[in-house]
Every structure is written in structure tokens, then in C-alpha cells.
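Presented sequentially are two complexes of chain A, the first with chain B as partner and the second with chain C.
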Partner chain A sequence: MKRDLSIETKSLRRLFKGIPGKGDVVALDQVDLEVHDDEIFGLLGPNGAGKTTLIKILCTLLLPTEGQALIKGMDVVKRASQIRRIINLVSGGETPGYGILSVKENLWFFSQLYGLPRDFAKDRISKLVDQLELQDYLNTRMSKLSTGYKQRLNLARGFVNDPAVLFLDEPTLGLDVLSARHLRTLVKDWIRTGGKTVLLTTHYMAEADQMCDRVGIINRGKVLACDTPQRLKTKVTGGATWKIEITPSLSELESVKSIPGVIGLSTTDNIETGVTTLKLVLEEESIMSDLLSKIRENGSKVLNLGKSEPTLEDVYISLVGTGME
Partner chain B sequence: MAVADFVKSAGESFRVGWKIESNWTDPVLFATYQVIRPLASLLIVAFIVIIGASVGASANSAFYSQYLAWLIVGNAFYAFVLQIMLGMAILVHVDRTRYEVLKNIYISPGTLHPYVIGRGLVSVVNGAVSVILTLLFSVAIFNGLLHMNIPLNLLGVNLLMLFPGVILGIISLLAIGYMLCAVNIVSNRMEFILGDSVSGIFFLLGGVIFPIALLPSYVQPISNVLPITFLLNTVRESFGLLPTGDYMTDLAYLALTTLVTLIVGIAVFRLAEQRAKKLGLFDRKSEY
Partner chain C sequence: MMLPKATPREELLTNLRAAYARMWVRLRGSNREVTGLVAEIGLPILTIGAYVILYRAIGLPPTAGAAVIIGGAMIAFWTNVLWNMSSQWFWERESGNLEMYLVAPVSRMSVLLGMAMGGSVNTSIRALGIVLLGIFVFQVPFQLADPLSVGLVFVLTLVALYTMGMLFASIFMLYGREAWNTASLLQEPVYFLSGAYFPRIYAPVVPFALQAAGSLIPMTIGLDAIRRLAINGEGVAAVWPHILALIACTLILFPLARRALNYMESLGKKEGRLTLRWQ
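Coming up: the complex of A and B.
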């Protein structure tokens, strides 16, 4: 069964003028993406990968340099005004709204930019306020809200026109664990109402794993892989990743990384115990002996060694090369 | 975008603008911006004239009081210029960097147009309040307090002459405000000088405090294409202060310059919008 496409890009390219003499920055390079109706699609990638650039193009904020981008079959350049009715954008870490206006006044303003009839708008705002648990802050000035509540207001603003396609650019940035979970649940519930699509970017692997039907991994403007989290895990890592605990941490990380056959490597330091955990994706198991001797050469002791179930992070590490901090 | 939706968005933008920028709730700020500032600049010029007249040997008091009335009216209506230029020059900058709303407004169906108009109308209302208060205070000071008998009869104004001119003038000022917004969309460094410099040029060249005929001949052509020049002409004619003027001719010139300003304003705005989409400027943070 082939579902309808909500978002489609064809050989999408976007250049930015770089520092003089250094050439252009390729923010997006030949991106071909297909996102279907009723899908939550996640974009993962390091800083500067091109995630926000892609979202800006799809939201009619930025023109592509080459190629094409379509929302519900409509070209973002030629049919921007039709597209604007059916999309919305929420960016994490931003608080778009007027500080001296209340939560209600801010939402009302944006509802009117979409021309919602008065009673209808009131109804929708009160529902959103309930869903986002903003009832107690309805008449509070936005400037007095905490980061988390500002972000809830921002999300409510994103829902205000009940968009068919919602773009979420790092929506849980700066939220505490519970607020982030609340937000994720909300988005998932919303998509179940049918006929909706979400394109989300995030730096949190677990978030992408838990929320997204499919995930695209993007680096330096190129989409490196694109599939369901489950299939990505088996496909990319070959089903096996390794976890090695060592102490003290490696002084020469690069020398380990450069061993042939090491596809990906990430390290986490536990400052309290002085133990460093290496997560590795290897081409084949036989490389392990090389690896262990390199670690010993470095003067580190191996405390623990084991195979682990691949996670989305492993996929990411093997494709992008380094873990996310 | 349907007209009804446009009006709705503009109306709501007006309300938001009113709440966030009006100084009504703060009497000191209100008095400063709406009354004291315009009145102070008027009084400075007026007293220079009065002193000049009293030391001049051949002071013709009828001529001078006529000139003072001319000056007061021009100065009062200049408040529209000041309010609209200053208001619209910082709009985009503040919304982009302080409130971070610009990009979210841009991706709504009407983009920035109904918003800019709605916000501009707030400045129009502020300007109107300023005009009325300046006129009232001037009459109270010069005719009430100083018994100068200046020929300024606020009740004798021909409103049928006043309104067409003022409405056209406001449209042209909003169109110029549009251009200031456009400059701000593509440039992040101009917002603080733009409003002041443009309104300053209009103050000097628009016949606010002295007749255009007194300007050097090489700048007079500029004065003669500024809508503000003809706006003030029609206003003074409706106050009966320009006996040599021809109202219909001035109104026609005002209409023409307004139309040109409008076309240029929209074109410039479109260009800026296009450039912003090309460079990704709608969500740009301040460059400071």
C-alpha cells in the first residue's frame, strides 16, 4: 500500500555564502525525502547538518538553491500561500510571543492570523490550554512563564491552526524529563487524530526512537540513511555493537578511531568513577583484538567488555562517525 | 487571502500593537511621546519667530501671527510623520529579535502584510492623538495664556477639505513605513537611525516650519515630490491658512505622490521579502 506523500523533496540543494575565500556552505545536498500522511518522521544529525535549513525551506521561510520541495504535492516556492494555511512550525529554545501579553492573548493573536472564526478559535484555544496544562497560566504574562511553560505555549501556538503538517525543530530542547515526555505524548496523540504529519528534528536518540515511525540521518547536508528505527538498527550495525569499559580514559582517541574496520566510536566519561565507556560499531569481530591492544598501548585497563543490543545511537555513531554529546 | 481574513489579521495586529507599544498606561511616557516632545519642538521654533518679530524694526504683527498659525498647524500634523516613521522603523527589528515572532507571522497565510498594516495603524492613532493635543495646547498657550490672537480657529476647520488630504497623507506615510520595514528585513543595522533620519528629512524639506520657497532652489524639486509637502498644503488650506494655495491641485498632487509611493513601497517590500527568503533572514538574530 502506498500512502499519500505529505512531504517530498527532490534533489533538494541549498547553498549559503560562506566566509569570503572559503567557498559556499552546502547546507543541503541532493536531499530526496518522502514523508507520508500519518507519519512522525525524525531527522537526526549533528550541529550544522542541515536540519533547520530543510525545515525552513519546507515552511516557506527559505528558498531552495536547486531541486524541489513539495508539501501535499504543492511546490513550496510556487504555492507558498496555499501551503501556509496547512503548516505550522515550533522551534525549541525559542519563545515567539509578546512578553507583556498573556498566554491567552498570545494564542488569540495567532489564531486570528489564521482567520479562525471567533467562537471556533475560543474553543480551540481552551482545548489546547487544557491539553498543555496551561489553565493556571491563562492570564499570566508570557514573560513570567518558565522555559518549560513558554515552550508549551509555543507548542499550543503551533497547533492553533490544526496544521496538516507540523514541523518541530528540537521541540524538547531545554525541557525537563517530565515536560519532554508530556510533549511527546501530546504529539503522538495528536497524530492519531488522523490526516496529520510531523517532521521533527532532535538530538535525543531515545526521543527519535520512541516517537518516530521513520528516521532519517543527515550529516553535512546529505541524508545517509532513512528507515524505521528498528530496521536501521539491524541494517546499519549488522546487529552487533560493543561496549567496553576502561580506566583511565583514552588519551589518544584518534588512534583507536583510525583502526581499519572501526565504523563508529563514542565515549562517555563517568567523572565520579573515572570509568570511560566506549561504544563501538565494528565491521567484524576480529578487529576486537587489534582494538584491545591499542587500548592497552594507551595505558588504559579494560574493566568490562560486552556485546550490546544496537540502539539508534549506535546507528547514528556508525553513520556519522562520532557520538552526540 | 480573502479581504475579510486580511482585515481580521490586521485588526488583531492593531490590537496587539496597541497593547504592547501604547503608552496609555504610563502617564509619564504618554505625556513625553505624545505631547511634550512635539510641543517642545513647536515652542522652540515659535519663540524664535516671536523674538525675531519683536526685535525686527518693521515687524508686521498680522504677518507674523499668520505665520505662527501656519507653523503650528504644520508642526502639529507633522506628528503623523514622526509617529509612523519611528514606529515602523523598529517594528521588524523588535519583532525579530526581542519577540522572535517574525518568522511565525511570516509563515501564516497573510505573511507580514496585514501585520505591518495593523501595527502601522497604531502609529496613526498615536499620531492623531498627538495632532489634536498639540493643536489644543497651542491655542491654549498662544491665544489663551499669551493673548496673541493667532488666527487659529479649530472649530472653523473645513473637515471636508481636511479628511481627504489627511487620509491620503496617512496612506503615503504607511507606504513609506513599508519601505522602512523592508530595509529592516534585509538589514539589521539601520533600525535606530532609519526612523529619525527619514522623519528628519521630511521635517526639513516638507514645509513643516518654513515655506519650501525659502529652501535653496536645488532642493526644492525634492520637496515637490514628497507627499508630506502636499499633505501639509491641503491641511493648511482646510484651516484657511494658505490663501494663495489651490486645494484641488494640492490634493491631486497628493493623490499622485501617494500612488507612486504606494507602488514603490509595495515593490520594495516584495524585493526585501524575496531577498530574505533567499538569504534566510526571517529568523535572523541580532548581529550585535
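Coming up: the complex of A and C.
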């Protein structure tokens, strides 16, 4: 049964020393996760939820406090050096490498940390450079690259040992719309080559929806739900998702949130038009009348009201409670 | 799917490749910027030149100048060990590179070895510059009876010195709050105690025992041996104790460095201190 599991955690727990006197920070709490071969798995969760902590433990960079984590059946604590040969990690927003070296030189350097023979490394690097469209910057020093191109270099580095399990921590951070889309296609194509697994974190719901075979939603170190995006949408929201446009914005958001039966609420303000859009996940439709009177009490006018198709964002909001922004 | 373990041969090859690449990066990086090259080679020469002129002006024998030239050449290695070896993990952590080394299947030792090789090649060029300056510009007298021993002592000194650098690297990473300050703290006293800039043999401002004990670095031992060999024209018989001491240093420091590195890594993994930032 364990054979096709790429990543597995069993009651994984991780504590960090907190501020003196305030006790430990529980970054991960009883996390049980199973990710299979050929799967792109997405981790969603608010800032500080524990996503990076989980990735670091799986990458052998951090020890679990309790519980167990396995990559291809190997324990991350006991078999770290074996695991390191078959994994790689790309963190968005970080730019490892040497600024004074060119793109090509940096990639060559990282390929050597995996002991790739010279010609083999050369071939693989030129392939990666093509895939990530870095050709024009081959001889440019890393320090002179723009943020997006640095991130492409970082991604190319992640593929340099053709890992069996690739960890992507917010990989599209800082990429423009087209580059991000390009990267998503690249990862999806790569996973089709077979025998690969990707675990990624992102704050972009649409990205997770589009890319991931399954997503896990994590908050305060606990995995709240874990399934395919489609099933999560029907399961969690039950279809009762509403969109209400009001003006002016609510002065007391809390009073709306505290209405019994409101599972999730997020707001987006359009500064130009002065219209605020509320997205709501409700337990029952009957709550709507309470809600509307509360909005009127607040002195806001309802411009538009309608049911909306549940999105992954709605799932997220109903589980985590507040909007991402 | 269980993965086969890498064979010892594969593992060795990977580590050698990594060490070579790290050396290459070090050489490539530091020799690319002209200002860096000038600062590394040009500026120390000025300091040493000043000492040579000073000693000549106050009427010390020309061998005093020779002692300073050798001192300057050797101290360059100590500076390199401090600023590039010891503080290496610290800077790598700051730049986010440390994680990339740690997720890779290579020994941290081989990365440090590459760094040491790159550093010592670079510094040797600088040291050679200083010696040539002494010979051709200041015409200081060298008296070499046993060049082979000079080579031997030189290599042994470097090995011991860079092994010490490896040991410092792990200590610096976790405890050097500001690697900058820690390095400075170790730099100036050693400059003084090792007697590198004094014409030691003729004017023992700092006695050797105090130098060796005070600076506690292999460089002081190597420096004294090379001065005896290259200025006094003594033979290998005069520097046996030095050679043994240098070998002993390496034999003690190497396992210590290994343990410190492992300790640093597991402590870092336990306390989450391997990265400065987290997302």
C-alpha cells in the first residue's frame, strides 16, 4: 500500500520557541498527509499557517518535534542524505546563487552539488534554459536580473537534478501574469513525464484550482480539509455562496460576521467606484434577511445581490473564516 | 519505491565535484571585479611597504624587512581564513544559499574544502605579489638553504590554517551574531601577537611562546619556521618541532571541525536557525 506514496506524514508536530513568557508556537499540529506519485498537491493557508514549516521538514531542513515524515517511504530524519538526492526546493522571493556569476555559471554550480557529469550537466542546463526562456540572459550576471528572471533562474535550479519530489514554496511570487502561467504549464508538463510529485504552496486560489490535483487547507498548523478542488467546492460550501455589492463600505464588519449562520465572509473594496463586494458563505438561505437588515442598519445600500458559483476561494474563506487580503 | 543507496564511489565523486565547483566559484567571483582584485592585492602591499621603509629608516638590518615581507605574505592567509572561510556559512545563510547547500546531497565538509582551496589559491597569488615586491622593489635579502622544507612548511601551515577555518565556520554561523565583529575581534590581536609585522628574529618584541599561545593559530608557528628557513638559511633540522606542531594542529582540528559542523547542523534543524527569514 505504501508503495505509491511519495510524501507521507504521521501525526506530525512542530513547535518553535516563542517570545519568552508566551509559550511555544505550534507551527504544525497532528498533521497527517498523503501525497501520491504523479500528483500536484497544493497547500493553502493564511500567513503563519505552517506551510513553509511543513515543506522544510519534508526537505530535511528542519526536524519534527513529534511524529514522522516520509519521502518515498524514507524517514526524513534517519535517511536525510538519501532523500536529498531525489528532492529539490524552490522558494519564491528567495534568490539563492551568486550575484557575481552569470545565469549559466550559477546553474552549472548548482548542478555540481548533485555531482552531474560535465556534458550531462551542460545538456540539462541548456534544456532548462530553453524551457524557462532564459536564453537571452545566459551570460548576464545574476545581480543584474530583474526579480522575475531571478525567480526563473531559481526555478531552473530546482529542476537541475530532475528531482522525483519537487517542493515549490510560493513559486509564482513576483512573476508577471504570463510568466506565472508559463510556469504553471511547465510544472504540469513536467509532472506528465511520470514518476514525479510536486508539493506547492500558494496564496493564489485560482492557481491552486488550475494546477493541483488535490489541495490541503491548513490553518494554525492543522489540516482542515484535503481533497480535489472540485469536491471541496461542493462539500464545503454546499453551494450556498453569495455575492452582495454595497455602498458605502461596512463600518462594522464584525457585526455582520457575528450573525449566526455566516460561515465565511470576505470583502473587496473598489476604491474608484466606492463599491464594496461581500462574498459570503451561508449555512442557510434564510439567514439572508437578517444579513440585509444588518447591512441597512450599518447605513449601506445594497446595489446588487446574487448567488455565485463556489470557487476555491469560497472554500478557503468558509474554512479559514476571513478573506486573504 | 525504495531507492538504492549511492555507492561510496558515487558519493565521493559528487563531493569532489561539489568541492571543485565551490573553488571555481570562489576564484571566478573574486577575480571578476577589478576593485576587488586591487583591494586584495594592492592595498596590503602598501601596508607592508610602509613597514619595510620604516625599518630601513630607523637603521635596522635589511633582514628586518625580509621578516616583514614574509609576515605580510603569511598574514594574508589568516585574513582570508577569517573573512572568507570562518564567516562563510554566516554570509551564505544571509543570502539564502545555505539552504541550497543543505538540501543538496553533499557533505558540508566538501563545500568548505572547495572554499578553502579557492581562498588559498587566491591568497597565494597575493602572497607571491608581496614576496616579489620585497625582492625586486625593496631588495630584501632572502637566504634559502632548503627550499623544499619551505614548501613543506608552507603547505602544512595552510592545511592547518584552513582546517581551523572550517571549525570556525560552524561556530560563527550559530554564535557570530555579527560575523563582522567577530572576525575583527580575531584579526587585530592576531596581527599583533603573531609578530607578523615585527622583525621578530632580531627584535623580539613579542616572545615566540607568547605569540604561539596568545594567537593560538597555526600561522604563527608556520611563520616562525619559514622565517628561520628563508631568512636565516637554516635547514629542516631547525624546524622539526614546528612541523610536528603543525601536523598535530591539523589532526586535532579536523575531527573537531567535523563534529562542530554536524552539531551546528542538527542544532540548526532542531531550533530552526538555519535560515534567517522564513515565509
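Here is the rule we go by: the second predicted complex is superposed on the first by the 322 of 325 C-alpha atoms of A that agree within 3 Å, B and C clash if a C-alpha of one lies under 4 Å from a C-alpha of the other, contacts with A are read in each partner's own complex, and residues count from 1 in each chain.
Basically, a residue touches a chain if its C-beta (ideal position, glycine included) is under 8 Å from a C-beta of that chain, and two chains touch if they have at least 3 such contacts.
Since the model is a prediction, treat every value here as computed from it, not as a measurement.
Asks: After the alignment on chain A, I want to confirm one thing: do chain B and chain C clash, or do they fit together?
Replies: clash
Asks: Could you say whether A:73 touches chain B, chain C, both of them, or neither, answering first, second, both or neither?
Replies: After superposing on A, A:73 lies in contact with chain C but is clear of chain B.
Asks: Figure out whether A:104 sits in contact with chain B (first) or chain C (second), or with both, or with neither.
Replies: Neither partner.
Asks: Pick one for A:170: touches chain B only (first), chain C only (second), both, or neither.
Replies: It touches chain C, and chain B stays clear.
Asks: Under the stated touch criterion, name the partner, chain B or chain C, that contacts more residues in chain A.
Replies: C
Asks: Thinking of the overlay built on chain A, is A:203 touched by chain B (first), by chain C (second), by both, or by neither?
Replies: So A:203 meets neither chain B nor chain C here.
Asks: Do chain B and chain C touch any of the same residues on chain A, and if so, which?
Replies: 16, 53, 56, 59-63, 81, 84-85, 87-89, 91, 94-98, 100-101, 105, 108-110, 112-115, 157.
Asks: For chain B, which residues are in contact with chain A within the complex?
Replies: It comes out as residues 1-2, 4-5, 8-9, 11-13, 15-16, 19-20, 98-101, 103-111, 114-115, 277-278, 280, 282-283.
Asks: List the residues on chain C that touch chain A in their complex, please.
Replies: Counting only chain C, the residues touching chain A are 1-3, 5-6, 10, 13-15, 17-18, 20-22, 24-25, 28-29, 32-33, 95-97, 99-106, 266, 269-272, 274-275, 277-279.
Asks: Okay, in this complex, where on chain A does chain B touch?
Replies: Within the complex, chain A touches chain B at residues 16, 53, 56, 59-63, 81, 84-85, 87-89, 91, 94-101, 105, 108-110, 112-115, 157, 161.
Asks: Within their complex, state which residues of chain A touch chain C.
Replies: Those residues of chain A that touch chain C are 3-4, 16-17, 37, 52-53, 56, 59-63, 72-74, 81-82, 84-89, 91-98, 100-101, 105, 108-110, 112-116, 157, 169-170.
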